[in-house]
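The structure appears right after this line, and notes come after that.
Chain lettering (A, B, C and D) follows the sequence in which the chains are written, and residue indices restart at 1 in each chain.
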Amino acid sequence: MVYTAGVDVGTGAVKCVITEIDGENEKVLAKTLLRIRQRDPNQLAREAFDHMLEETGLKEEDLAYVASTGEGESLPFATGHFYSMTTHGRGAIFLEPEARGALDVGALHGRAISVDERGKVLSYKMTSQCASGSGQFLENIARYLGIAQDEIGELSKQSDDPERVSSICAVLAETDVINMVSRGLTAPNILKGIHLSMADRLAKLVKATGIGESVVFVSGGLALDTGLIAALQEEVVNQNVPVTIRTHEDAAFAGAIGAAIWGAFRHEKLAQLQQLPLAS
Amino acid sequence: MKSFIGIDLGSTTTKAILSNEEGQVLGRGITNSRSNYETAASVAKQEAVIDARLYLCRERLEQATGMGEQIEQFIGDLGSFFRKEQFLEQLGDLEGTCLEKIEGDRFVGKEEAIKEALAETFRRLREEALVLYAPGAERKSDFFRDLAGSRYLMISEEVAREAQLGYDLLLNVYDKSIIEVENRPPSGQLKEKFQRALQEVLAHGSVSGIASEDVTGPVSDALDVDLEETYVVGTGYGRVTLPFSKEHIRSEILCHGLGAHMMYPKTRTVLDIGGQDTKGIQVDGEGIVENFQMNDRCAAGCGRYLGYIADEMNVGLHELGPMAMKATRQVRINSTCTVFAGAELRDRLALGEKREDILAGLHRAIILRAMSIIARSGGITDEFTFTGGVAKNEAATNELRKLVEENYGKVTININPNSIYTGALGASEFARRAIVEGRTYDDAELVAA
Amino acid sequence: MTSQEQIIDRCQVLFDDLSFTSAREWKAAEEGRKVIGYMPIYVPREIIHAAGMLPLGVLGGGDQLEVIHGDAYYQSYICRIPRSTVELGVTGRLDFVDGMLFPSICDVIRNLSGMWKLMFADTYARYFDVPQNFDDKVGGEFYVNELNDLRADLSKISGRKITDDQIRASIELYNENRKLTQDVYAFRAREPWKVPSSDLYLVMRAGMVLPVEEHNQMLRDYLVAAADSDRPLRDNCRVLLTGGFCEQPPLNLIKSIELAGCYIVDDDFLLVNRFLLKDVPTEGDPVENLAHVFLHDSESTAAKYEPFQAEKGKYLIRAVEKYGAEGVIFAAPSFCDPALLDRPMLQHTLKDAGIPYVAFKYAENSGQMQPIREQAGTFSDSIKLWSEA
Amino acid sequence: MSTMTKPKRAPKPRPEAEKDASMLKQKEMMAGHYDRLTSAPENGDKVCATFVPGNLNELIMCFDFVNNLPEQNAIQAGLRKTSGRFVMEAEKMGHSEDVCTYVKSDLGMMARGNLAPNGKPFPDPDVLLLSYTGCFTFMKWFELLREQYGCEAIMLHTPYTGDGVITDNMREYMVKQLKEEVIPKLEAVSGVKFDIDRLREYLRESARAEDDLVAVLQSAKKKPSPIDAYFGGIYYIGPIFGAFRGTKEATEFYRLLRGEIDERVAAGLGPITPDGPMGEEKYRLVTEGPPNYTSFRDFWKMFYEEGAVCVASSYTKVGGTYDFGFRHDPDRPLESLAEYCLNVYTNRSLPQRVDMLANYIEEYEADGLLINSIKSCNSFSAGQLLIMKEVEKRTGKPGAFVETDLVDPRYFSASNVKNRLESYLQMIEQKRSSTQTLGAAA
């Protein structure tokens, strides 16, 4: 049995977990999420990490592997780093064992990852630079409309006649939305419109990775947005993508969980491969 | 008297200019463009009218003599008190609206506490308003949203903490109310507000020893001048949404060209950086556009980019320039994608770069892009004028001066403190010419519909 | 002996120098010297050299050049290299160059040849066409005539006749250069930790601006120095990089890929160094020999027609085998039609052969490496976690 | 403010767009072509796929092939608004967002049933004749098609006229390719022996139609111009750039068309638009670049609503530049085929393109140059901004630049294009009225 930690340094928030892994048995002992809000992410990561140690009563040296992911490549207290797609794919399977795909939607990115049953990444697709379909954009618009983040989902679901946002550029899309408001569109219809546009792109990503008939797990911060999830469910049907969309209340931790599990896996593999000269 | 109005409905701000038959600018008005373009246009127009009234007051007072040096100060006070009146009026509206918005699950059981907190918040806001509009005080912005908004956020956070209440609840009520308030055109009773303001100036103004009878007459005179709206021309990004017929609309290119020419008749090249576009315009000796180029569909490097950066850093737009000026070196920034501006900033901060240095790099990047657009439109040959909101930003103008000199040698560079009004100025001139010079229509055609 | 660091420092200086000081100095050193610039991917440098001129590789402005004028000539959906090249021209950085060759690689460079004629009317500018028909009697003859036209043009510029013997002598030097280049590549593939790819890139890039004699010496020195390197072996996978044959990636991108856990064991940067895969014979008509090797033994890239469907993309598989790569990274410049249109076909070939690959795009001035690290990193993660060790 | 609004003029009654005899004939020809193509398998016809620029229709006919032009299929998909789906399909198959959407529309269409406009499936080609003229993308496009169909592919490499001249070396290289490569392979696939006299006959027919086409396009020199040489021009070039050059049908079509245009000239009429005859001709423009097909009508409307007519365009020269005297020549059959390929607009050097456009502005007395820059097409687009600058410099007339795409609806932003076009036309208007005022004052 080993204890490992996963630290996911994102653009919007830092997520940390500690897991206890015993062969096939994987258990999350503690988890913490801290919003970055213009603070130093690495420092926050340390804070979150300490907080978890305290919560579990473990000491740093009890951990077999501290795996960073996300933008935490330079995290001083990490043993090693895994890249986001590697970790989200694995985290997805932990949270939803039937998943063969993960859709990681965060503040500035969307990534669809196809994995096998062991969590190995088979292929992936990322949104390109232009980001009118990003969480950040949605956040700005919600702010503009006077809506709290956790209200977005419910409102969106009340929509009766959504209108999609067509611009590829978030700046121009913002103006689109302003136009909509001035034309008297309701907030639910606007939000749903944005959700559908985002879902449209995301569904295309999923399709492009070639994930077949299976469950796709939505991870990342936007997994909590029930409106987006609903829109995604509609869009995959519209586009004939044969997948089932699911998520989990801990979806924001998928990356951190994946990292912690891979940490244990790597720990074992390194133990076998001791002869390999490793540079730091 | 006849008056001519030009309205520039920009993506970020809406500007209006009111001019007289001689083409002299009487008033300038500006507001933030908001979801309702019509409101934005009418607010800007009203602001211009207010400004014009102050102008007329000054004129009358000068004719009436007696006040000498003190006129400027007096007019300044009059303006301040007037704005305070208006601010309080809107603040009252905001408070009322906020109270209506306390509804829904999240507020259950907390209604009373929130009402109290709101009352306290608004009490403090009103208190501050007195300082904010004290004679001679500096304000960050004249937009209600900016002023009330940023203070509301600060104050309500304090109040929430003191009251041990969720800050997000107060934030939520505000977010829901501000748009509504903003989109209610302000009440039109200008004259009454001016009269009240005049009384206040007399009572608490910074100019001592004014005799009420010396000023009341001229001021009333000025307020009574009939500012007949003779012709309006609209321009700008949102011009098509204005309820004007085609004859009353001019493209922003023509308006910026003409406006720049009016300010600086020798201008041959105009650069306009607005919220969503950057334009390079070449004009001839008459202000007639010879050529123009705009940024392509990507809005990278436009004014809104700075907006995102300011939001990210949690500072006001006008603070960016001064911060960048403190840079000791310039970080090279290659991408000016607006959306990723924040990410790029964080990236660089994470690499240990200083905020000031990054900002300096960002400003340079914007100007580099603008330089390309100028080059596309034909480069700079003679006198050059920089217009649009970004011209207010000192770091940007500095960078521009440097780059223009590097690439085109020493040329005259004009940057007017009122450059943001250039498009509206051009539009008002088009309006004036339409009537006074009969360039487009004769009066018969202008009979109201 | 010169150390690896010393050599790389020198190369870095050459690389960073957007005013081409070394070439300027070469030209100034002797009355009457001429410099001929060329763009990717291939020109017969032997003929330029034989004319007593310096062939100078012009490969865009990288990520340190501020592009103002160049952007004025190009829409946002066109790759970066032509705009930074125009910038170099407009800002006078190429004012010492006596002629420019624009090889047949794509429509962008093709049209740039015409732009150059309009913008720099006093400089010799030539679109250098190569045949897409590989029959000696058809394409071969066309090419020999084109080469001789070029030879005539260059001899007019240099003011001296270019003899067959002079070309033969140049061929010999470039044969040597090609061999050394191959040796460095082979060395890196064997011990990639001793030759970081950014180093190799810089050493090869130096060959774009140095006289071939000097570059040959540099390559020899580097081989000796690299053998002594004490860089440690890292836990990296081995990849082949393809798609960057024209617009060059920023050096940081190459470094980022290695940082993200991938040793690059082969690439297609600066192909002019090794476009011809065999020694060009020095007996017989030298121009015909150049043509012959070009037709029958030259590198495959997207800019060249592949006459046989069965051969499409096979060169990648051969390279993977030769260099022992575990996967292929397609890194192409944004908006690069040749590279991006070719990519799906190459990927099909790899897929059939069971070779894993990833793909992403870059621009010569890309600043944000995060997405690149993310993708290269995921690729190396999956090879590392799942390769049978 | 409402007091300022002028009463809207009652809209002009909108006449049913009349169809000229030539339009009906063209429709019929196209329908016939698609029927011939889709029934090729039943009829035992062999199919040759090739490109518009440098297409060797006369030669292809010598081997009894039915000609299939992927570019025209992409255009059809654009006009029918299916191209957007096709492009996305191709992107899903792994094609980059950045590359030419003509290719992607074609490949996407294949993946989605490959249906011709008549609803029947396109037959697989028996041979791909890669006329590699004026565009590098063609080469990749045909490699992709070859991968898909696994059929014989023939490469005909047209050298680029980088120095603005056709050299003997180029011509000989092409003739040699025709003789050694193209003709033998076409013979092998078709089983038909090459007969040079048959080729001569077709070439003679081509030259006749070419004469009439030139007359039609040059009618735009008249004021008002009886045609729109860009939007309308696209219809006019259809048959000759496509599968009909060298046929009697084409000759008849162009004779008919020329007759109609002559009548319009005699009557002093302007062009016909989709909304009926165009109103007053206020602006005369020369255009550079392909049009946008997904919003073809909306795009055109932005012009004719403002009274702007295109009097000359470079796009109508992508399948051959005839207005400078080139004609297919039965006496030099292979040489003239070679020259035809070498001459197409996109195979011309940038300085030649500048000359051509500047001359058009002068000869057709245009107000300026409008460039529609196509995101897809590097062949056209790379360098257009310099072209604009140079043409402005030489003619003193202003240029304007709009950006769209051929068949990718995502790149057509109506408001963006309209804003620029309007600003441009207002600028021309303003300049004009200012010179008038000045003129009057003097």
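The rule we apply is simple: a contact is a pair of C-beta atoms (placed from the backbone, for glycine too) under 8 Å apart; a residue touches a chain by one contact, two chains touch by 3 or more.
Quick caveat: nothing in here was measured; it's all calculated off a predicted structure.
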{"item": "Distance-maximising chain from subunit C - centres being C-alpha averages", "value": "B"}
{"item": "Separation of mean Cα positions, subunit D and subunit A [Å, integer]", "value": "48"}
{"item": "Between subunit A and subunit B, centroid-to-centroid distance (C-alpha), Å", "value": "40"}
{"item": "Separation of mean Cα positions, subunit D and subunit C [Å, integer]", "value": "36"}
{"item": "For subunit C, residues contacting two or more additional chains", "value": "72-73, 75, 370"}
{"item": "Touching two or more other chains - residues of subunit A", "value": "71"}
{"item": "Subunit D residues counted as touching two or more neighbouring chains", "value": "94, 385, 403, 413"}
{"item": "Pairwise touch network: line, ring, star, complete, or other", "value": "complete"}
{"item": "Sites on subunit B touched by subunit C in the complex", "value": "296-298, 332-335, 340, 343-344, 347, 368-369, 371-376, 403, 407"}
{"item": "Interface residues, subunit B side, partner subunit A - complex", "value": "11, 33-38, 106, 168, 171-172, 174-179, 237, 241, 276, 297-299, 302, 304, 312-314, 337-340, 342-343, 346, 350"}
{"item": "Subunit B contact footprint on subunit A (complex, rising order)", "value": "11, 38, 41-42, 71, 108, 129-132, 134, 136-137, 143-148, 169-172, 174-175, 178-179, 181-182"}
{"item": "In the complex, subunit A residues that touch subunit D", "value": "128, 167-168, 204, 207-208"}
{"item": "Subunit D - residues contacting subunit B, complex", "value": "1-8, 385, 389, 392, 398-399, 401, 403, 413, 415-416, 419-420, 422-423, 426-427, 430-431, 433-434"}
